[in-house]
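Some notes on the structure that comes next.
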């Protein structure tokens, strides 16, 4: 296995008086796609936010590319090359679609080829290019959130439930997009409830429950092992598409 | 077309809304009869949520009418429509972020009980309302989180609360906008059961927007397809799903033309 | 037992500077009149200073406290006319003397007056008579007034008109312009005034009645002299009058200017004030001083602090002040006093060397009407 | 199953951008023309109009900083007024030693003095603004109510500090010699100082427009107000940006203060507070966060004040409020809304 | 306009309904032992002020506290519970004050003048509040605040312009009905060493009206109606979708709050026997009210009691305290200057800042938190 790009060891996170993460350990190998699964309230979002520095880990260590980023400020974490798609999408509703993307490309104008590729993936963004992003439909906002994260090449993408609200046809385009990104060497950590999408993309899988990692391994294993699915996720996953 | 004889619970006639040059909902006429569950599907941006907004009054139609049990309600405010029995859950979670989950539901129960205007009663003296709210939380499996405010709930739990509010309103017409989006696989069946229950009661009309085709298949009596704001297909589930327009524009499956 | 005096002033707020002058003047007055001993008839004088923040309700409460809780023998105050008016009934209820200084509203010694009220400050009518007296006594004079659009401004204009009718029948107010209280741009007002005055015969004067930020430079910059129009600004505190410097030759009337009165008391005040505060005394310093003089003279004359004796002593009493002798008129307890007709100096020696004395207008040249009901 | 006509072709050509709406720009000339018959005399009308435009510029100078801080950053800074006062008092730093320049009969010395005063004022208010942001405003980002209270507290403290440093009495300051008086052309009269104000107002206006429209700063601020976390997650140091904008806003207030001080020729600690209601009105008329709106709004308010003051002075008392009410009835979001808060 | 999102949650399941005390307090108990103690102390001291302290200053201060408790609590209904930030609250306070002042001055010092003045003021307030309430839905929250600011200043201008009726800047001084005058003696003998005169009766009139008004407000905010207001504050869009007519609820809240503020204005006028623009209409009172609500704790009602008491005490005694401190520190360099009573505003300003920081959820919030 490749050298891990991101590594969490013994990460605890508190939000106010609540203890949410109870010692999270995992590592993300470079240039692969890792899926983070778990039931509602398991702590997936909290994990991503902690990596991004939006919540401070109260103990433990987060290393990115060999560097300790546990106490680094969010902008610096982002500048180190981590892109983030939050669960809430966090679209800037006042700004136009264009302006949202302009801001996302921090180091300068978006490369034209990349822009064409993005707009090809999500034609709706092109249509609403100059209108306030607040007017977009739920799924279109989701597209914009993803487009923002991939407006520039990043070393690691943290993506929180990208397929929620997307029509099946869009889910397909997105899977293609992630494949292309992976091929270009980007590393992705994906939180996903849609097991169909997850299994189509994932190289590795991590399962969380109650703020702890309860399983990690190769995706293939998981797909094949029904009892593992039953035990970890409470359901046989192919019941749902 | 089925059950066209009875007065529909809800009907839209030529409903249209324009935003500048963009027609988000285009001349949609449709009737919804009590006791049926209609799934509304369509690609992102097809106009599903906008259609709901027009029905429940969050947006004003550019033209067309909305009728509840034969009565024109197009000019009413959202609150008045809710009183007429139109209930609505939102696609993007829309709750009272700092009140507890229980209080969120109680507010919906209270609206149903028309108790909002009592100024001199003590709110805690209405045990009946509290019990009802507790019961609903139980049904969506949020009882243990009833004292947590939505802003501290995980996304999936917020979705469940959103559903709970709709249940608490006990409307005649239920409008679900992607209720299971972001819910984990083991929670989805709970919600499906709830919707099934409503349907089974027989007199409720359910409109369901959902992108999970398995959910649609297992629940819907009828599917309506919106595309670019227009109603492009309407019929029983198997046929509609098999139609080229759905296969191509929605599911993204290549279909040979001809 | 000490002689207790309450001094109430609006030390917080936009008139802080006025209140400080009153306080300084009052204390210096006591010092001068007791020859530094701060004692009278063998009783020590203690002054309790209270800040009413220019609020009428607070002034009222503070005066109640002064009479009841602090047991003062006599009270002096206050800066704002509204606050002073609210204080009047308290003096009556408590049966103690209140000397009003430096509030100017006519009503204080007019229809809101009661027999416990005396005023050392000038009233608006005196200002108006002063202003009228500074206008030439012969020839056609057309006057346009510029005043703030509220009671103070309107009363000021009315008082001026009365005073003119009384002592300068040759002068007429031909135009009244009222601008918002906090106006800063006077172009429109000036245009209206110019339009009204420019074709009038004889001497043409713009008379400004203004409290606060003075419109003079704004009007002057629009060059009224194009139409042969002159400006008569009222008197004001020194920092405000420093603006006059750029417009030499303007004439008007003023209540006090340190260089005008010639008497021992004023000489001492000017010298001491210059020494202590590195500035000449101002309007309200003189006022505070006068109030102190009224208090001391009255106690000496009454031989104590019994209210009834004080009132008897004070009615018609004359007392010395930096402005010369003042007299409490028996009818309404208003101190009658001189005013000064000034002309703005062309080039003064320093920032405060501003005015030349044209004439002293003695009290008996200003037949101030009695307006109260006894 | 019924199947309707399948208009399946996705229309994906971009929708046109919302047209920038220039209608509000027209109301200024329209208003001026409308006033002409009521004013009657042409020369008076020109005098009033020119004076109003210039006064508008001065209001704009004082309000421009608050457009940034309140309009864009969404911080209700009641303390803005005290920065205006502070800027005004800062001129004393220059006027003390260089009093001679004000008396000098040279335009260049006079203008140089004004420039120095502006520099000093912007420096002082900028620094104080940084401190103000750090200890007063920072902990209350996002809560308007607390901002009102805290900045009100800051305002009181700062005003008292001015009293403590410079005393409570009003301080007269000399307007430099050649800027005094007026140009007279026929019956039309134009104060010289107002002409200077117009020049400086235009420079500031154009500068701000360029900065906000040609760079990402404007976008970043608006995005940062809506969701600071996300802006940070995109790699921007939003804190630093906010501090700089606040400092810039304070410095602009200082600049406005200098201009206002020379206009009034008297310094009082409350001079900034006195114009605050007007400044708020202007920003609301303009539509929150719009520099252009603030500019048009300022001119509108000043012009109306002049016309009304001439035609019907009774109404002058409430002319500002009247303008605001009318504009908001016409455009509930203000003339050029930027932020949709 | 965003209000602080960290409001204490008002619902507590453990609260039982039933019981006299519970129904008096609308089952909204202080929920903190220290808080209960403080509130009781305030209640007892206010009730017994005439017998505990001598002199007119303590009584004036106590009367002012009573009035401000009502005023601040009525504003809390608007701000803390409904989320409406209005700067026009003092306008209603002023209307109440002028109602009494004008009626007593014009119609003579009788009880029927008091009634007429109060009624007229209540009607005018209700009308204006309806107008403002209806406006609140038309424009954005922040605009609404600014508009109320403008309306309030227009009202002040109006009061100044109508000087024939209102006394203009000078305000109005008037006489009270005979029973409330200092000269009136209820008993010929002093009770517990205190003469029971009209002043004392006036104080107790104030005290009991204030108490009733406060309990009434407490009941309203703990009613189903009160909960709807909170819901509207949190998410008006959702409240509307649930079937609550937001405009109607908001308008009702504005009206109630305005009416109670009017009563407070009437009380202060009765106490002072004076009313003028600075007493009831000024913007600085508005800011004081805001501060009292925030220090006490928004959306808690009890916060109004604590905020008003603390602030009025500070306002009345800060200068006295500073004077003492300044004298005590005489000789020390610089310090006496800083605490010179003339600089009291400096400290008040600092108090504004510090109290907002020290009590982000208000004092009540802090005390309740400490309990948990």
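A, B, C, D and E label the chains in the order they appear, each numbered from 1.
In this text, contacts are C-beta pairs under 8 Å (C-beta built on N, C-alpha and C of every residue); 3 or more make two chains touch, one makes a residue touch a chain.
Since the structure is predicted, the reported quantities are computational estimates derived from the model, not experimental observations.
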If a chain touches subunit B and subunit E alike, it appears here: D
Neighbouring chains shared between subunit A and subunit D, ordered by label: B
Per Cα centroids, the chain farthest from subunit D: B
Reference subunit A; chain at largest CA-centroid distance: C
Subunit A and subunit E: spacing of chain centres that average the CA atoms, whole Å: 51
Length of the line joining the C-alpha centres of subunit D and subunit E, rounded to whole Å: 35
Rounded Å distance between subunit A and subunit B, as computed from the means of their C-alpha atoms: 29
Set of subunit B residues in contact with two or more other chains: 20, 249
Touching two or more other chains - residues of subunit E: 5, 161, 345
Per-residue multi-chain contacts in subunit A, two or more chains: 124, 131
Interchain contacts, given as pairs of chains that touch: A-B, A-D, B-D, B-E, C-D, C-E, D-E
Residue ranges of subunit C touching subunit D (in the complex, touch as defined): 14, 16-17, 20, 149, 177-185, 187-189, 191-192, 195, 213-214, 217, 221-223, 226, 237, 239-240, 242-243, 246
Touching residues on subunit E, where the partner in the complex is subunit D: 1-5, 79, 85, 138-143, 145-147, 149-151, 153-154, 157, 161, 287, 290-291, 294, 298, 343, 345-346, 348-353, 356-357
Contact footprint of subunit A on subunit D as seen in their complex: 10-18, 216, 219-220, 222-223, 226-227, 229-238, 338-340
Touch list for subunit D against partner subunit E, complex: 76, 136, 139-140, 142-146, 148-150, 152-157, 159-161, 164, 277, 280-281, 284, 288, 317-318, 320-321, 324-325, 328, 332-334, 341
Sites on subunit A touched by subunit D in the complex: 52, 54, 73-75, 78-79, 84, 86, 90, 92-96, 99, 102-104, 106, 123-124, 126-132, 134, 148
